[in-house]
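What follows is chain A paired twice: with chain B in the first complex and chain C in the second.
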Partner chain A sequence: MDLDYSQFLSMSHEVSLVVVLIVLLLADLLIKNKKAFQYLAIAAFALHTVAGFYSYTDLAGDAFAGMYVSGAAQSFVKNILNVGTLIVFFFSFEWNNNENKSGVGEFFFLTLSTLIGMYFMVSAGDFLFFYIGLETASIPMAALVAMNKKGTEGAEAAAKYILTASFSSGVMLFGISLIYGACGSLYFDEVQAAFTNITALHIFALVCFIAGVGFKISLVPFHFWTADTYQGAPTGITAYLSVISKGAAVFAFMCILYKAFANEPDVWQNILWWLIVITITIGNLFAIRQKNLKRFLAFSSISQAGYIMLGVFASSQTGMSSTIYYILIYMFTNLAAFGIISAIENKTGKVGMDDYNGLYSTNPKLAFAMTLAMFSLGGIPPFAGFFSKFFIFAAVAEHGDYLLVFLALLNTIISLYYYLLVVKAMFINKSDSPIETIKIDAMSRVALLVCVVAILVIGFISSIYMNIYEISFGFAN
Partner chain B sequence: MNILSAFVVVLLVMLVAVFLIPGEKKNAIRWTMAAGSMVILGLAGYLVWNFLAQREAGATDKFLFADSTVWYEGVINISYSVGVDGVSVAMIMLSAIVVITGVFASWAVEDKAKEYFLWFIMLSIGVFGFFISVDLFTMFLFYEVALIPMYLLIGVWGSGDKEYAAMKLTLMLMGGSAFLMVGIFGIYYFSAEDGGALTFNLEEIAANAAMPIEWQRVFFPLTFVGFGVLGAMFPFHTWSPDGHASAPTAVSMLHAGVLMKLGGYGCFRVAMTLMPEACKEQAWIFIVLTGISVVYGAFSACVQNDLKYINAYSSVSHCGLVLFALLMMNQTAMTGAILQMLSHGLMTALFFALIGMIYGQTHTRDIRYLGGLMQVMPFLCVCYVIAGMASLGLPGLSGFVAEMTIFVGSFAHEDLFHRVLVIGGCTSIVITAVYILRVVGKILFGPLYKIEKVGDQYNYVSEHHGEVHHYPLRDAIWYEKIATIGLIVSIAIIGLYPVWISDMISESLEAVAAMLN
Partner chain C sequence: MIPVEAYLVVSTLLFFIGVYGFLVRKNLIGILMAVELILNAVNINFVVFNRFLYPDHLEGYIYSLFVIVVAAAETAIAISIIINVYRKLKDVRVDSINELKN
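Let's look at the complex of A and B:
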């Protein structure tokens, strides 16, 4: 049978990204000037991002006999990932110019390779395709993490990342093979039909699969790599890991749970219930004691992952839409925080929380933006984080589990405590040697402005959430 | 534009205006604040007048000036809905008075004045937004908007152990709102019979009355405690003394005067009105708890030495009385509760303003080290005596009107349980007299203590780590006089001619009281 080439049309995101990749690969050979290359790379990727928005409604369809599925929801998530990656590129501009000793071309090429892996995960209609995407997204990431050549932390971070990534892949592959053994297929819709009359085999397969994905999303107790990797990686990559990578994995995970395992939701909901409670609590408790802001945000992002999973737990159209919405807002918020940290780190090399004492007196604008990010992460209105938290809790409440809502809400109090610690450092604490007044580069400033505006306005524009609800395909479809 | 939305809009304009003025031009910022809060006060006065006129003309809707715009729909139904009844009008008037007097009491803030006023406006937006909302979501949103500025206002501009107090206050109040949020979800998802459109609108929820009693039993205590934390209900009151003691003057005023009223108002408007059956069942638990607040707060105030702590515990006692009276669930007692909110809001704001003005000169609030101030600053001291008299319920001032109504209404219950608790609550009046007179006698009258007279100038002499400081003392200056006189006039108006306001409140409570009885 001849290959039907028209099916590549529904893969427009992937195709366009591959084109960008090839262009960058060639350009890397020709352009030796770091700045010029970065402008080209960012421009090319920005073009790809914009193009993504124009193609997203009429693209429903699948390819490769259903291994690849694309619809409005997938396209939307890919667009979110694109925007996030673009912001990361903006924030990394300065670092790439001055600090990156491993090659700027490699930075872009590897990042975009992981991004294409994430596209595959998001659009997977089959466990194998999902796995391919996951590996494509993980392996280049290890190289990216190691790009920080200062000291040995980068190497340690990369080693931890690659070891846990391969271990978790092993566990997950084992789970996938058991699923195949139990259900006789790897397509999500066929698994859905076969995944009934639960036996121990089914449950074991599911547990292995969830454990494998749990590593990627850094759910407790699969989170041990997170803090060290976040700390050792270049800050831009840390931001990328904590937001883009996590967002893609959560969405793909949600699609699989909602589709392949839709007939037995109780089984995985019970597992998720405990995972969520433990993840949020442990993440929060460990975040309290962190003194390095990158480690601090690592634990904060662990607990945020728990909150995101609340939407997955809800198993409904509302659950899906609130998850996507949470990812969207979490992306802007966390990127703002990382952007500020990376800007200050690039100029002064300081990342300790104590270094931020008295930041407001020297850099009021940065301190203000950081405060917004912290308030938004903590879910304080009227900032965007409040809306995303409210809607994700509403999804769980709609599901009927008020106890889980209550536990998660109690945890927001703990999280508020440590987010306020950062605010306290900047506004209240006095310092003999505060960070001097710094002027951050234009690229970071633009990206930061975008993030701040997003934090301030997204919640008020109700059409965003309502549209996401429209395109969410919900449970068991 | 709807007059209710105008409150929020004016405040937003003030926010932008102050944001645009450079930080060095402190006077420009102050006068912008003064002008803005004058507009707010004017709007509030116009609102009261117009509200009364409409009721006079026979408007029977529960909420007047109602306006609604759909915000979110489909996935979740949220609208920006505003409307006021007599209770909210009274609260808006109170907020407007406290805000403008707060601005004048903050006139002397020099350190980062711009940021201070920005957070101050933020807090006011939350307060006004809360009182005008009839949509539970926007109500909750404004509620939290009002809470978070407290952290920075206390943490940056406060005194004493401010970092601890700010964190404690913020976390406890946010903890309360965690309870509250669960309650709100419960109310929303039970807001209509199966298949009906869910809604956050208070009026529609009350009309549907769809929540089954077994769920009311879960969500009523969550909601009541959630708001009760802000209403300083025992045992969740511990944030209040520390928070008030450390906060800067105007923030204490606004917080004790207005913000704590959000708690009582919310308990009444959300918890009791929307879940009446559970309220009837469980009221006794909360009556006991708030009864403890009333008496325990008063006793604690008797043994404190810091003026602000005395007043903070007195607030616990008086705000406890608000919830206590609401839970008596008859029209008279509930009217008294709302009057008590007004009265307490005004007099506690006056107290905190005066304490701040005295502390600004003496640099101590410890009553053991103060004495004879009446000779030195007669204006402030006379005001202090008036506030004290209002607080202990002297006829002719607002405190008497409120407490009289409360106890008369509460005593209408004929069973032993209520009678005993009401008599217990009444003792707080006596204890109030003890701590008020103790302060008045100790620091205002009596011989000069630690104060020296050099020529015509009085100086406060304090020793700190072996260093001797001489702080010059003076009486109130113009902006301090505006703040105090404004509050005293309001207290006296309520005290001397309470009928129009109690009628306005009582009318709005009729339906609720009938439902709860």
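Let's look at the complex of A and C:
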């Protein structure tokens, strides 16, 4: 049987990323200067990002007999992931120059390998393809987490990450194998047709599957690895894990729920309802007592994951568009927070909440940007985070579950308390030895500026949400 | 002929032994072995479903091949990370890796 090579045209994102990967692999052999290599890598990836925007409109189609599906929504999500990764590269520039002893080439190669895995997850049309993407995204990630060679923290974080990741994919696979046994196929559309007349087998399969993916998105009660891994990993990688990797996993999960399990939404909506409520609540309550800012953001990102899942729960076109919108805004906001933490950590090595006391007196600009990020994460108008929360709540309300909206709103108030704790530390608390005035490098400054501008204006450009709404889809049937 | 249920009982037992092992083992290598048990349970499931329920196509067989390959990659990374932990701490028991705490 002849292979139709034109199907690779619909995989333009993947093909171009593979080209970037090969170029970087060769360049790593030739260019010994760390700085020169980083400029090349960032330029190549930026080119790929721009190309992604230009190719995305006329791409629709599938490859490998429907295992790979690409449409406007998938391309849009891949573009979001690209932009986020680019920002992470900008923030990691200084760290790569000074601290990274394991090799800069490896950093870029591993990061982009995980990115290609996320592309596969996002574009999956079949459980096999989804699984391969998930593993391609999570195995190199363990190596990235272990890149911090100083002390034992990196090794410990990586050990916790890889063991829970492989366990969770084992549980997820068990679910998939039962789905295969019950439905006789692994294609999402064929599973959808066969996933009726629910029995205990179907429900157990679904529970295993959701539990396995829940580990990746770090929903409570599958969140125990999150805080330790976030704390031990290099800060750039933590940002990548908390935003890019989570966003891709949520989108892929949403596609599977909407496509494969569309016939019996009640079953998984019930599971998700409880997962969302405990995720938001537990994430919030634990975030309050954290003293290390990376751990603090880890728990904050757990509770944010709960908010993102609200859009998935809504299971409609509005639900999907509000989820993508939330991922977009959450990306800029969280990356801004992590960028500041990473810049300060690179210069001074401080990540404690108390270390930030009096930051405003020495570094007013950084304190201001951090305040914006915290306000946006908390959902205070007029910042972008308010609009993303608004659309998500509107989607759930449209679905008709007012109790869930109420519980989520209640939790937003709790979350405001701990986000403002950081602001209070920076502006009000006095300190005898505040962090000295630091000058962050040009790359981080550019990335931070982009994030801050995005936080300020993205909520007001309503055409962004309308665009996302047009390319979203609800249930496939 | 051995009925299909017998195979499924074996695979389910294997799965839950793996989950139990993951939760109670104190040694990182032991935890890794427990995960392997889970993956083998999955493989048995795929092969059995394919052989007995849907014998006219190959999806399950192919999936189990992929699971084997990915599990090998995963184990390689996990073992190297565990060696890294051992070099730093001279120990691979769970109790001794507890530096990351609030």
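The rule is short, and it goes like this: the second predicted complex is superposed on the first by the 476 of 477 C-alpha atoms of A that agree within 3 Å, B and C clash if a C-alpha of one lies under 4 Å from a C-alpha of the other, contacts with A are read in each partner's own complex, and residues count from 1 in each chain.
One rule holds in what follows: a contact is a pair of C-beta atoms (placed from the backbone, for glycine too) under 8 Å apart; a residue touches a chain by one contact, two chains touch by 3 or more.
Just so it is clear, the model here is predicted, and its values are computed rather than measured.
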Chain B versus chain C as contact partner of A:292, first or second or both or neither: second
More chain A residues in contact [chain B versus chain C]: C
Touched partner set for A:457, first chain B, second chain C, both or neither: neither
Partner chain(s) touched by A:155 [first = chain B, second = chain C, both, neither]: second
Partner chain(s) touched by A:132 [first = chain B, second = chain C, both, neither]: second
First, second, both or neither for A:231, with chain B first and chain C second: second
Touched partner set for A:469, first chain B, second chain C, both or neither: first
Which of chain B and chain C A:449 touches, first, second, both or neither: neither
Chain C residues within the chain A interface of the complex: 15, 18-19, 22, 28, 31-32, 34-35, 38-39, 41-42, 45-46, 49, 53-54, 59-60, 62-63, 66-67, 70-71, 73-74, 77-78, 81-82, 84-85, 88-89, 97, 99-100, 102
In the complex, chain B residues that touch chain A: 71-76, 78, 137, 141, 144-145, 148, 151-152, 155-156, 162-163, 166-167, 170-171, 174-175, 178-179, 181-182, 185-186, 188-189, 218
Complex contacts: residues of chain A adjacent to chain B: 317-318, 321, 375, 380-382, 386, 390-391, 393-394, 397-398, 402, 405-406, 409-410, 412-413, 416-417, 420, 423-424, 427-428, 462, 465-466, 469-470
Chain C partner contacts - residues on chain A that touch it in the complex: 127-128, 131-132, 135, 139, 142-143, 146, 151-153, 155-160, 162-163, 165-167, 169-171, 173-174, 176-178, 180-181, 184-186, 227-228, 231-232, 289-292, 295
